[in-house]
Amino acid sequence: MYNDVIMAGFGGQGIMLIGNLLAYAAIREDKNVTYLPSYGVEMRGGTANCSVVIDERPIGSPVVGRPLSLIIMNRPSLLKFEPRMKSGGIIILNKTLVDPEVSERNDIDLVAIDLNEVSEKAAGSPRLANMVALGAYVQKSGVVAVESVTAALKDALHAKYHKMIPANKKAIEAGAAAAS
Amino acid sequence: MYNDVIMAGFGGQGIMLIGNLLAYAAIREDKNVTYLPSYGVEMRGGTANCSVVIDERPIGSPVVGRPLSLIIMNRPSLLKFEPRMKSGGIIILNKTLVDPEVSERNDIDLVAIDLNEVSEKAAGSPRLANMVALGAYVQKSGVVAVESVTAALKDALHAKYHKMIPANKKAIEAGAAAAS
Amino acid sequence: MKQVFKRPESMTDKLFHFCPGCHHGIVHRLVAEAIDHFAVREKTIGVASVGCSVFLYDYFAVDVIEAPHGRAAAVATGTKRVLQDHVVFTYQGDGDLAAIGTAEVIHAANRGDNITVIFVNNGIYGMTGGQMAPTTLLGQRSTTSPYGRENRRDGYPIKMTEMLAALEGPSLVSRVAVNTPGNVKKARKVIRQAFQMQLEGKGFSFVEVLSTCPTNWGMTPQAANDRIAEEMIPYFPLGTLKQKDVIDVL
Amino acid sequence: MKQVFKRPESMTDKLFHFCPGCHHGIVHRLVAEAIDHFAVREKTIGVASVGCSVFLYDYFAVDVIEAPHGRAAAVATGTKRVLQDHVVFTYQGDGDLAAIGTAEVIHAANRGDNITVIFVNNGIYGMTGGQMAPTTLLGQRSTTSPYGRENRRDGYPIKMTEMLAALEGPSLVSRVAVNTPGNVKKARKVIRQAFQMQLEGKGFSFVEVLSTCPTNWGMTPQAANDRIAEEMIPYFPLGTLKQKDVIDVL
Amino acid sequence: MPKVEIDIERCKGCALCVDACPEHVLELGKGINLSGYQYVVVVSPEACIGCCRCAEMCPDVALAVWR
Amino acid sequence: MPKVEIDIERCKGCALCVDACPEHVLELGKGINLSGYQYVVVVSPEACIGCCRCAEMCPDVALAVWR
Amino acid sequence: MSSPKKVFTKGNEAIAMAAINAGCHYYFGYPITPQNEIPEYMAEHLPAVGGEFLQAESEIASINMLLGAAATGVRAMTSSSGPGISLMQEGFSYFAGNELPAVVVNMSRQGPGLGGINATQGDYFQSVKGGGHGDYKLIVLAPHTGQELYDLTIKAFELAEKYRMLTLVLGDAILGQIKEPIVPWIPQKTAGDPDRDWVISGAKGRAPRKITSLFLADGEMEKHNWHLQEKYERLERDDVMFEEVDTEDAELVVVAFGSVARIVKSAIAQVREAGMKVGLLRPITLFPFPRQAMLKLGGRTKRYLVAEMNTGQMVEDVRLSLPGDCQVDFYGRPGGSVPTPEDLFAVISENYSKLEMGK
Amino acid sequence: MSSPKKVFTKGNEAIAMAAINAGCHYYFGYPITPQNEIPEYMAEHLPAVGGEFLQAESEIASINMLLGAAATGVRAMTSSSGPGISLMQEGFSYFAGNELPAVVVNMSRQGPGLGGINATQGDYFQSVKGGGHGDYKLIVLAPHTGQELYDLTIKAFELAEKYRMLTLVLGDAILGQIKEPIVPWIPQKTAGDPDRDWVISGAKGRAPRKITSLFLADGEMEKHNWHLQEKYERLERDDVMFEEVDTEDAELVVVAFGSVARIVKSAIAQVREAGMKVGLLRPITLFPFPRQAMLKLGGRTKRYLVAEMNTGQMVEDVRLSLPGDCQVDFYGRPGGSVPTPEDLFAVISENYSKLEMGK
């Protein structure tokens, strides 16, 4: 089934990494996938975002005009992307930095999680907030299995970070739990 | 009346100067005129040529495909331009350097003059062979009056060469005489 | 009590887009201070280059022309030839000035064009994400020298200041750094001098500023700052290599 | 009786298109002699530039690539990176190398590319009819400096040899002249040395040859020849400014 | 008494000022500003000698000094 | 005996060789070659010392020398 | 030797990977967004195959280094975007005049001027009409997926050699930055024939050769120009590539290339579901343009919509190709504003409904 | 102030003279045949009017110096040919993006590559389609006589200022080198209004200004692009120029520009004498192209012959402009082989006779 998501936040919040990870998870499930990052000048000081499209059939547009889902890590990203969402979509919102009240849509499914806290608890550091968010999104959307995501960690992470896989796994699973 | 001529020779034989001079003479007679030089890389070692078109009416093409007349100062120029000439045209040929036997056309009017000799006699030096040739051409074609040419010397020559006008005048007139 | 340090008046309020700890911000401030010092904001024209400093016009309260990558010196020449009583400066990175813009800066210098060139050498292409610059140090890794810069393939880190000083044209050719409060003060003095040269009609002035790029050096701001003293200055020694004090006319 | 002077074998029979007395012909011969000397005609590749020497391929019995104006050094770099055991040289005028081609020659030199650059400095744009070159002397008239070159507008005659010698990259940087039989002999030696450097893998070698352009200087060949000693050499002193004897690798 | 003031919304938490201050007046705080940066705070205001070393090093012109 | 030979069709009459010859062996002649140039001639063959100075200066490689 | 294993690859990397697998061991280039992953990949991987990666001092140096390498007959490439490609126009013209083969990638970005770094198709004219001086053409290939970026890069080297022409792979910021799974493969021939009679290799045992585009003798340059034209005609006869989707029964055909064509595919799937008979013609070679295919299609379908991320460029070639009785409309989004499938759905539907009304 | 006295002037000099008389006091350029008389004239005459002539180190420096000067609002120009113009393409694109006015002369010569120095029209596409990156246009004027070189140079400065666009005067080696008598004159307005709100002059008593073509915020670049297009449409509405000769009763219309149009005029005089009803449409603005004029003419005359000194470039714009039922043939001579009036007489006659047969 066709699915898409836009993930957005500050540069440094690990947006690109979870985008890639999701894509690798889809590949593990033999699905087609496109991952399209924003990049360039925006990196400095601005926001970073990426779009992931997953489908069983060949993917047409990698550009997502009206996203089905969002992972939102900071306020400017919510302001930018929420209005474009399709009705009925899912938002995973980083409650640590963004007040859920800022959301203006009531035709969507808003999952606000204190990502830093969950990360801290699950993995001993707030730095895996991105993984928590991804876990939550995957659980909520069912686009791929949570196991595929954790299994894909070794595809998406550079070998020298493989020792961090267990912590990441915990964060993902904690995110999934928080969303279910 | 429409008239055109191509003048050609070695660089250094003063081709461009007589082309300009003829143009100035035409302007003195209130005619329209275009002067189109060849130029550039060809200057080094190669041949130089220019085309002059004179008409009472506005001039269309400044490019002369099949010339009515030629002033030919060296052998390569004869070989290059003679075949293109219109039937009945005039060639003023520099006999000092080119054997008239080289000419292959018999439908044209070939005026072969030992230009260096005429120049030497008229002006005390062989260096005004170009003026002799122009005098001959103007006389033969009647395109402008010989007096217009001699009068135009002060237009075409840089002020610092004005002291040479009398010698040039003599050469032009000697050329006209040689052709009549 | 008097305010002894404040935002220069030639600057706007806009927040820099630079990464944390990036020296571009310091250099921006010093240039603005020089403009304030001579009270020439209203007759100063900045020529921005393409690089992390491309948004010069957002931060300086002066007229700014954004030049194509590498061509700031040529653009500044064109502007200055028209507005001869204005102050024209360029602000260029090392990719901009020492790679694609080599010919333009050398010929502006050689002509002795009466402009000021601020050359921010951070040994990397910052804006495009960390490729090797002509000034990247030997052995330094970058995204296009993943195994370290190697002189036989990539050449030596180019010393623009030394090369320009070999020309007759320029009036001031100097290299400074902004890695310590003391060096910042020296840099302030030299940058001010560069503008003064121009105001006095003495011709081309050039200040190379050794600068950090914590992001693309893959370092914390402090580590990057330290690297200036440890690695950059030894190869790119600080100091004024050339200074003309008279206006020479043929 | 033995023939002690003859046409080099690396040259074709074709008559030069150069104007009478033009030094390009002498420089062509010296380069061909160097190729003969090392017996490398069959593995030499010439890179011609745009200028009066554009027809290099008509006169040299070697493979030749005609480079766009100013870009001979970049073209040679591309060729040499592929054919590393071949001999690659460029032959460039002062307009070509010191104006439009400034960046290319500086960066080839800075990279220490293992090529030989023959730089014919006649202080004028010969081929295009006598415009001012970057090396035109102060006060000298040309079609684009009709009142004489003036440093405040046109800059100083640029000293490429001095500037390149300020770089770490090059292995041989030298200036010669061919205005007397003695200078021709010295030039022969240096040009030969330049090729030798390349054959030994020592990197970038550069020979500037002071040269006449009787046509565009508006002088007889003899007067032009004399001007080399009287005006050119005093400003552009002859000699080898840089010579590396070891191959340095990081 | 000399005084240093931080414009916390300009601060990017690079800590160059922290290193530059001879009197250890400044430190990175816990707070995060609107741009997401952990900003610097004055920890010993009384120690400030108004030397401006911090401000000279601040790439974001986030500091003002009185003396 | 040393000898200099001129390829008259290559000669452009620049006279650089004439100036270069210490023994005044060469001079511009009256003749004009096919390219229109007044070429150099050997006026005192016996004076030639085969030093090659002329040939070194000839931009058109029009001279050959035997010794 | 080819492996069916899929690798998750960024578009720019797919190109670099394909080039190396096609035997391209020489890369010269200068950084510019959004194509930096190409030089970066080359810098990392060329040393391992004994090749040379050289970062040039500028795009002008890049194209001229490429010229120097191409003259030796090896496979070589450069890549850039917008402003950098503009700086190479003199070089492109020399490549054409010199008849040298090489590959250039343009991951185009917004213009004019410094513009921005998002995707556009504003460089179509520059690519197919010739941004440099004189009468010449490049071969221009327009991939639309990661796999095609890979495949057409290999094709680019083959065509470049076949015709001794510069071949341009025209992508954009979307195609360069997108990551998707691709199947890499290695072509059979990965180098040009070393014995070709124009290759510069030192005049050993043969007459010296020259690479030049200077023609001064009377009529020579004209002859050379007609010779080039003859090649271009041969290209049009033998090597046109395009894709047709759902055109058999189409009452409206959308014409689009590159990333837009891909978005159009999504939109067409939607409009087909809504019962509209709409097809797609996607030129893969922009030069040679699929003129014959269009002409043929134009005998059947009379209504066309050209969709481009510019203010109207390929639409001219479409109009020039179709019979005079076809109606050609244009939908353009210049300056990096990428149309979404929804945008295209709306435009196509509207256009289609006009067709219904016209009936 | 104008004088009716004729002066015998080289085409290149006519341009330089006109520029100075139009108030252009800043010239930046780099030598290249066949336009060197322009910089040479400027070098000689600008000092006397207090202007600046500067020989740049390259064409890239020229166009960027021009950019720096143009930003101050003065009249300024550069000139070049073929390879030099190619090198300016990035600069042209920046001029368009920055909306700066200035004049560039291209005395075009044979291409591609180094080519040769004779006249061609091979740079038509480069001039009108945009050789640089992005969606942009130049105003392109194509004079065909010495007098027109003079007149259109003045016009070029006026249009450049009116639209804040780069205006290209496109000549060729014939037009640059030809000498003929012209009548110089001085226009009324010889400088732009110094108070224009974009002029860079130091932020004295006003907000700082910037000249930039960088647009990064969402949708800004698209807006800018449409804004530029709006100007291009205005140009097409208000400032198209063309000449029609003997078209009223023409059964065959020749379309030609620049020096070829002039040669065609001679040929048409001849064919008219031979009783053939042939006319000429000569676009003077190549961009904006006289589309409306062509469309109108196409309602009446159905047969066209486009004559160019290239392998077929303007012919595309002619085909795009005419109604679908017109027949457009092409006669091209690329690479500096200038057709003579006799050549054109032959081609026109032949074409005309097909027409007779067709009846």
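Just so it is clear, A, B, C, D, E, F, G and H label the chains in written order, and each chain counts residues from 1 on its own.
Throughout what follows, contacts are C-beta pairs under 8 Å (C-beta built on N, C-alpha and C of every residue); 3 or more make two chains touch, one makes a residue touch a chain.
Only a predicted model underlies this, so the values are computations on that prediction, with no experimental measurement involved.
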Chain labels contacting subunit A and also subunit F: none
Taking each chain's C-alpha mean as its centre, the one farthest from subunit C: B
Approximate Å spacing (C-alpha centroids) for the pair subunit C, subunit F: 58
Between subunit C and subunit D, centroid-to-centroid distance (C-alpha), Å: 34
Separation of subunit E from subunit F, taking each centre as the mean of its C-alpha atoms, in whole Å: 84
Separation of subunit B from subunit E, taking each centre as the mean of its C-alpha atoms, in whole Å: 87
Multi-partner residues of subunit F (each touching 2 or more other chains): 35
Two or more partner chains touched - positions in subunit C: 15-16, 18-19, 54, 66, 68, 99-100, 102-103, 107, 127, 129, 134, 153-154
Sites on subunit A at which at least two other chains make contact: 41, 45
Touching residues (chain side subunit E, partner subunit A) in the complex: 32, 35-36
Residues on subunit D engaged by subunit C in the complex (per definition of touch): 99-103, 106-107, 110-112, 134, 138-139, 149-156, 158-159, 162-163, 165-169, 203, 248-250
In the complex with subunit H, residue positions of subunit B that touch it: 20, 23-24, 27, 32-37, 39-41, 59-66, 155
In the complex, subunit G residues that touch subunit A: 6, 8, 33-34, 117, 146, 174, 177-181, 259, 262-267, 269, 338-343
Subunit C-touching residues of subunit G, taken from the complex the two chains share: 30-33, 36, 39-40, 43-44, 47, 52-55, 57-59, 83, 113-114
